[in-house]
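As structure tokens, here come the structures.
One chain, chain A, appears in both complexes that follow, with chain B as partner in the first and chain C in the second.
For the complex of A and B:
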């Protein structure tokens, strides 16, 4: 049983880092296997930047995503572009302010104000990536919240650890509402 | 013109993190494009763990490595396994204590005591990953030392920044000897 995830958006949104953290959550802490591919395309120029992760209890035979179980989109263009490869049973996570539900998509949607909350709560837009990961983990169980917490702490600077833990709590609270 | 790199070894050697840092060096700081794929295979169980990076000035059309320009191996098994896809003009970087030059390989070899030096200098084996990245950057110019320095600092905890900078200097000094 494997799960295919794409975190899509543009450079500077922390989605490559998020993919790395999700991979560590799954492997180092949840003891599963994973393949993670990050495309920086034109990240440095503010272009599309996305990270794919396949997580499996068993061996991963084909290392590229084909049919997504989970799509996170921080930009409209990536939501419109990749919703086509989201399974019927898939879950779409989008930023509530920056992304509308793509036309003709009638699957499950989680629309949360990731970026607005990161800005208003922490004055740091990039932490939206951790809030989003947390909402994904909580809503889908693709990784355990406990594993995510450990991986996030492992990768956060000392002085930002509390903020990162709070970001995880916010992601969970979005789902509980 | 694109460059294909594989960093190969086993779990706990920091090679996935190294791939992430190399990707950031190339894209965020050297303003190139990159695709990076990390396979955690059975990382959590101490098995093979490797990271591939393709770096290009232009668009990257095929996102998987085929013929390596650079191979770093921290284990014998990965050196023996992947040297076959190293180009004739490629460069092989191996740990001087843990890896022998694979049989029948007569290309260019850089054999340095990455792991031993990380242990003796810093009492921290995992920093061998940064020493290795630095030797690769210096010997091949695949990323600039300046970009590597910035990416390493961006990803190091505050209290480990000096150690990481020293690790970079050691990697350079290996190549100069």
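For the complex of A and C:
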């Protein structure tokens, strides 16, 4: 059983870091195997950026995603581009304000105001990545919420730990609504 | 419990180097190798090692060679463009017999190429990059765990044979993150260079064994170490004596090639009924392994050979598994370099099918499966 995930958007949105946290949740805390690869340009911000994670109970050989189980898109361009490789049974997570459901896509959609909430609640856009991860974990069980909490705390600076835990709760509450 | 980490290939290379006893790093940052330098810059000061960011790659390898003669276990890390600058130094390390480990995280294309994209086009550069002709050792990891283990092997080869050793990684393997459980990895015994520890007379290249590796004395120790990049005699003096020239060149060759059985590493996954053999290394091994798993599920008979040591190439070992094989499929993210090496080994009855990417992307399992008979 293997799950293929792509987190896609622009450079600077914290998606490669989010991929790392997802990988750490799955391996260090849930004791599964995972591989993360990233794709980005030479620029530090802007430009398309995506992070691919495969999580499996068995060995993972080919490290790139081919048939996505989960796609998170923070930009329209990446949603339109990658929805083609989302499985029929796949789940699409998009930002409610920045991304419309791609044309001809009739699979499952989770559309939440990740970026708006990160800005209004924390005045910090980048934490949208943690809110999104948490909604993905809760809605799909790809990693346990417990593992995600531990991994997020491991990666957050001391003064930002509470904020990160709150971001996780927000992601869960989106799914419960 | 285990000690599981979710690490990048480059971080694992650095940790492998430290485990092997590396206490000197000189380098110049370049994608996709920079995290090796970053990790070494954080970790080396903690063990009173030296980290130096040099002005360029030429100086980086020169510093490593000097530090090696001063008794340090040294490493540098770069990508193809940096190796191009280091080629003179590679010859220096060969001729002076300096143990040094060189990490090449391969990226795509000639010159500065594609900085953030994968390539496998430096295999022949590692083999033939510097002039004059010499054997070399290159090892190719495919996983983060192997980045850790094979870097230790690289140090062992460098120390045992007094030779520059390449770890030929690539952008995928260097940048990808995977779990590694440090409590369950099986590591080789750490090998350190032979030293001349007595007060007896010391000659820098004192061996009469035509395959021998002379013991070393650190610069500044009790004996004078005389190092020359010009063809030299046992004392390290430049020589025009035909016998001395012949002895040195043959010894530099034979110390590696007569020990190839000790060096060569490979992996196979054989189906005795297979007509197709896939040969993949580095990140393309991962594509290849996935391909044969999926091909076998559809009833296809296919075998796999993976050279782990690329140089000296495991030619004998590959030849031994060719019974019944009609086609060899060789996926490489280049125009094909290992495929050329394989061509030398087989007759016209075996078809070589190259699967090449030059667009900075990995070869997919589907592209390999398509070529399986």
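Criterion: the second predicted complex is superposed on the first by the 174 of 177 C-alpha atoms of A that agree within 3 Å, B and C clash if a C-alpha of one lies under 4 Å from a C-alpha of the other, contacts with A are read in each partner's own complex, and residues count from 1 in each chain.
The rule we apply is simple: a residue touches a chain if its C-beta (ideal position, glycine included) is under 8 Å from a C-beta of that chain, and two chains touch if they have at least 3 such contacts.
Quick caveat, the model's predicted, so the values are computed rather than measured.
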item: Touching partner for A:66 - first (chain B), second (chain C), both, neither; value: second
item: Partner chain(s) touched by A:35 [first = chain B, second = chain C, both, neither]; value: both
item: Which partner reaches more residues of chain A (counting touched residues only), chain B or chain C; value: B
item: Which of chain B and chain C A:27 touches, first, second, both or neither; value: both
item: Touching both chain B and chain C, residues of chain A; value: 20, 23-24, 27-28, 31, 33-42, 60, 63-64
item: List of chain C residues in touch with chain A within their complex; value: 4-6, 31, 115-116, 172, 175-179, 283, 286-287, 289-290, 293, 362, 364-365
item: Touching residues (chain side chain B, partner chain A) in the complex; value: 16-17, 20, 23-24, 26-28, 31-45, 60, 63-64, 157-159
item: For the chain A and chain C complex, residues of the former touching the latter; value: 20, 23-24, 27-28, 31, 33-42, 60-64, 66
